[in-house]
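Each of the two complexes below includes chain A, the first together with chain B, the second together with chain C.
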Partner chain A sequence: MTNPYAIETNDLTKYYGTSAAVDHLNLKIPYGSIYGLLGRNGAGKSTTIRMLLNFARPTCGTCSIAGCDSQQLTPELLTKIGYINEGHKLYGSMKIKEIQQYQAAFFPDTWNSKLFDEMIDFFELSKNKKIKKLSNGQRAQVSLALTLAPDPEILIMDDPTLGLDVVVRRQFLEGMIKLIQRKGRTILFSSHILSDVERVADHIAIIDQGRLRADCTTEEFRSAVRKLIIHFDNTPPQEMNIPGLLHHRCNEHIIEAILIAPPEDALNQWCKDNNANIHSEVEMSLEDQFIEYTITPTKRHLFSWDKY
Partner chain B sequence: MNKYTAIIQKELKYIIPLTIITILVFATLNYSSGKGHFSNNHYIQKQTDRFITLDDSPHSGFKFKNNKLSSGILEYLGLPAIYLIECFSSLAIILALIQFWLPSFRGYWKFTLHRPVKRQTIIILYLATTIITLFLTNGICWTLLCNYMDTQTLIPVENYIILIGWKFGLIPLICYTTISLIGLIQKISQIAKIPIVLAALIILAFINQFNAQTILLIIIFLIMTLPLAIYRFTTNEY
Partner chain C sequence: MPLWIQIAPGSKQPVYKQIFDQVSQQIAQGKLNTGDKLPAVRNLAAELVVNPNTVARAYSLLEQKGLVITKTGAGTFISDPKLKDPDMQQISIINDRFDNLISQAVNIGMTGEQIRELFEKRLSQFNKLDDIHGDKTND
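Let's turn to the complex of A and B:
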């Protein structure tokens, strides 16, 4: 394999008018990895996925899947790329068995009818039911079965668990994990549900206002973003130049500091120089870390409900 | 079933029922409103004789009769021709809306497009399936109607009247390509109105001046709009 990356973007940029939806995004997703694409609403996750699958054209920069430019994806290559769209939009007028036959016609060599049937049975769906009669969660299950049955080598999903209840979400994730367990499969998925990402992804990429803010393993991110409660003997200094400081909240002699991978030695030295000591470290979930990491500077305090 | 027949089958699954409904409506309209027309084809015969010589007629063009606008077709071919155009143009518009507008509203373009087949192939199959169905059913309906009228009276229906009905099949095609193209122009701006205006003008010209020039105009319009629709479909963002 000459190209080690299943998915690659180079300075990928997309402008809508004068605003950048995606701004010089550089992502390199190796084969066999499970990448969680995180970001707030409007961060550029869906636009990135749309450009990867040639549903949108980049303003500048390039993106490729399996070494092939996204704008030149061939039918042969498309047989290897599974895609689950946001909202699981399928043909409402078709029955499950009809959409199965329709989908199977496009994958004569790779379609696994047994897998599809087993998944539909597992989800307790009747094949005679029309797609438009299915709930959002059931449609997601059909969508997953339709996407996994051709045995894709690369799976791209745009917020696949959005709007699903916990049980369906769990089933959906288990379906994903089954796919992951097959050797060499690559998954890129965007999500708002951080617990899902934590459960499945081995890498995360955080996009904020179209820019890549973080691209690392989930473990690295979990250990890098820390919230420390620092106690000062005197008044805290005006200029808070703590090593690795992202932002902080001050409360008289105590500050709550969000730090990114602070070097322990430098942090201890800073505390010593400023008559401070680390009171405690607050344990954060991935969701807490994500919020602290991506929150805009003007929104770092809570909305003042007391006034109303 | 291969991928091409899968696409055609998917399209025919709703085109056929809608076409059958259209044929039934066309037959019902003709039967309920025009027993006279069915049984008096000599009237149509007589009028079509005038109709085909319309180029030389001093009465060509729209005429006002009792202060009401009277079109060439209504004047010369009677209600069956109007019903034919109305029914199949309505069907054409509905099919264009289902094919190119509904996926945008319901958001399933991505499911349609993300499959191992070129976008050009998808749209060419969509357009070909619909155009062939529309044109054939329009012509067959008219031929059957003429045959029916032929059996009802002593005066035979001439072949050129049958041919006129087949030529009327071009009007639904204009409606279909126009609505399809507008559906594919994503930014509904002033430019999107151009095909509608052009199509309306051509249809009016066709009804008013049924001659070789207007047929040529229709063919030029179709030759212009079809590649444009294919181009928009393949280059659009979804």
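Let's turn to the complex of A and C:
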């Protein structure tokens, strides 16, 4: 394998009118990883995924899957890619057994009927049931079985667990773990449920207003974003140039600072120079960290009843 | 006694730390004994529904701290606690934790006697400590 990346984007950009949905995105996803794509609604996650699969054309820049430009994906290569769209849109008039045959035809060499049947049995679904008669969760289960049955080398999922109950959500996570344990498989998925992301993703990428804001291992992100409570002997300085500071909130002699991977020595030196001491560190969940990392500091709270 | 690990979703503790903490606690409580084999990384990952790299990270941290040893091809086993001495840095971390706990206890109005009593009670839960201590005195 000459190209080490399963998925790669180079300055990938997409404009809708005058606004950039995706803005010079450079993402490199190595084989064998589970990449969680995070970002708020409208951040550009779906647009990125759509360009990867050639459902949308980049305004400029390029993207590729398995070393092949997304606009030149061959049928042969497409059989190695699994894709699950948001909302699990499937042909409603087909029965499960019909959609199975339909899907299998696209994967003549790799379709695994036994695996598909096993999953449908496990989900306690009848293969004679029509797709439109299924609940959202059941439709998602069919979509998972359809996508995993050909044993995809690269799996791309756009918010696959949106609106699903906890049991179906867990089944999706299990499917991902089972797949990744097969050698060289790669998964890219977007999600808003950060506890799921933390569980299965070894890397996270955060997109904010079309731009890549973070791209690292989940563990690196977990240890990099820190919230410290800092006490000042006197009035805190006007210029809060703490090393690694992202933003801070001030309350007289105390500040609450969100820092990104502050170098320990530089931080201690800064405290010494400014008559400050670190009172404590507030532990954060991945969700807390994501919020602190992506919010506009001046827009912390929705509104206050007191004002009205 | 099989390994029993529960991952708390959305916890403030990273997942690898949760696994590390729970295994080391079970070793301290004598639920896991010297020579016990830990599940293979891929099996535990599948069971807990977490990324295999996360389990591998927890195992390597356990190994780094001397709690387990990995024998190539054979698996990961609980190591013999008598073979390792707590180093000074680890002791100072424990000291800090004690200080935190004691000040919390004092803040909610507990007396020294009550704290001592509670400590003894908790300590008696860790039945393995007596064995270790006994063995060390005999050496």
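Basically, the second predicted complex is superposed on the first by the 303 of 308 C-alpha atoms of A that agree within 3 Å, B and C clash if a C-alpha of one lies under 4 Å from a C-alpha of the other, contacts with A are read in each partner's own complex, and residues count from 1 in each chain.
Quick note on the criterion: a contact is a pair of C-beta atoms (placed from the backbone, for glycine too) under 8 Å apart; a residue touches a chain by one contact, two chains touch by 3 or more.
None of the values given here were measured: they were computed from a predicted structure.
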item: Clash or fit, chain B versus chain C on superposed chain A; value: fit
item: Touched partner set for A:21, first chain B, second chain C, both or neither; value: neither
item: Partner chain(s) touched by A:55 [first = chain B, second = chain C, both, neither]; value: first
item: Once both complexes are placed on the shared chain, angle at chain A toward chain B and chain C, C-alpha, multiple of 10 degrees; value: 150
item: Contacts of A:107 with chain B and chain C, given as first, second, both or neither; value: first
item: Which superposed partner A:145 touches (first chain B, second chain C, both, neither); value: neither
item: Touched partner set for A:283, first chain B, second chain C, both or neither; value: second
item: Smallest separation of CA atoms, chain C relative to chain B, angstrom; value: 27
item: Chain B residues within the chain A interface of the complex; value: 1-3, 5-6, 9-10, 13-14, 106-108, 110-111, 113-118, 237-238
item: Footprint of chain B on chain A - complex, ascending; value: 50, 53, 55-57, 75-76, 78-79, 81, 83, 85, 87, 89-94, 101-103, 105-108
item: Chain A contact footprint on chain C (complex, rising order); value: 7, 9-16, 42, 45-46, 49-54, 57
item: Residues of chain A touching chain C in the complex; value: 34, 170, 173-174, 177-178, 180-181, 194-196, 198-202, 218-219, 222-223, 283-288
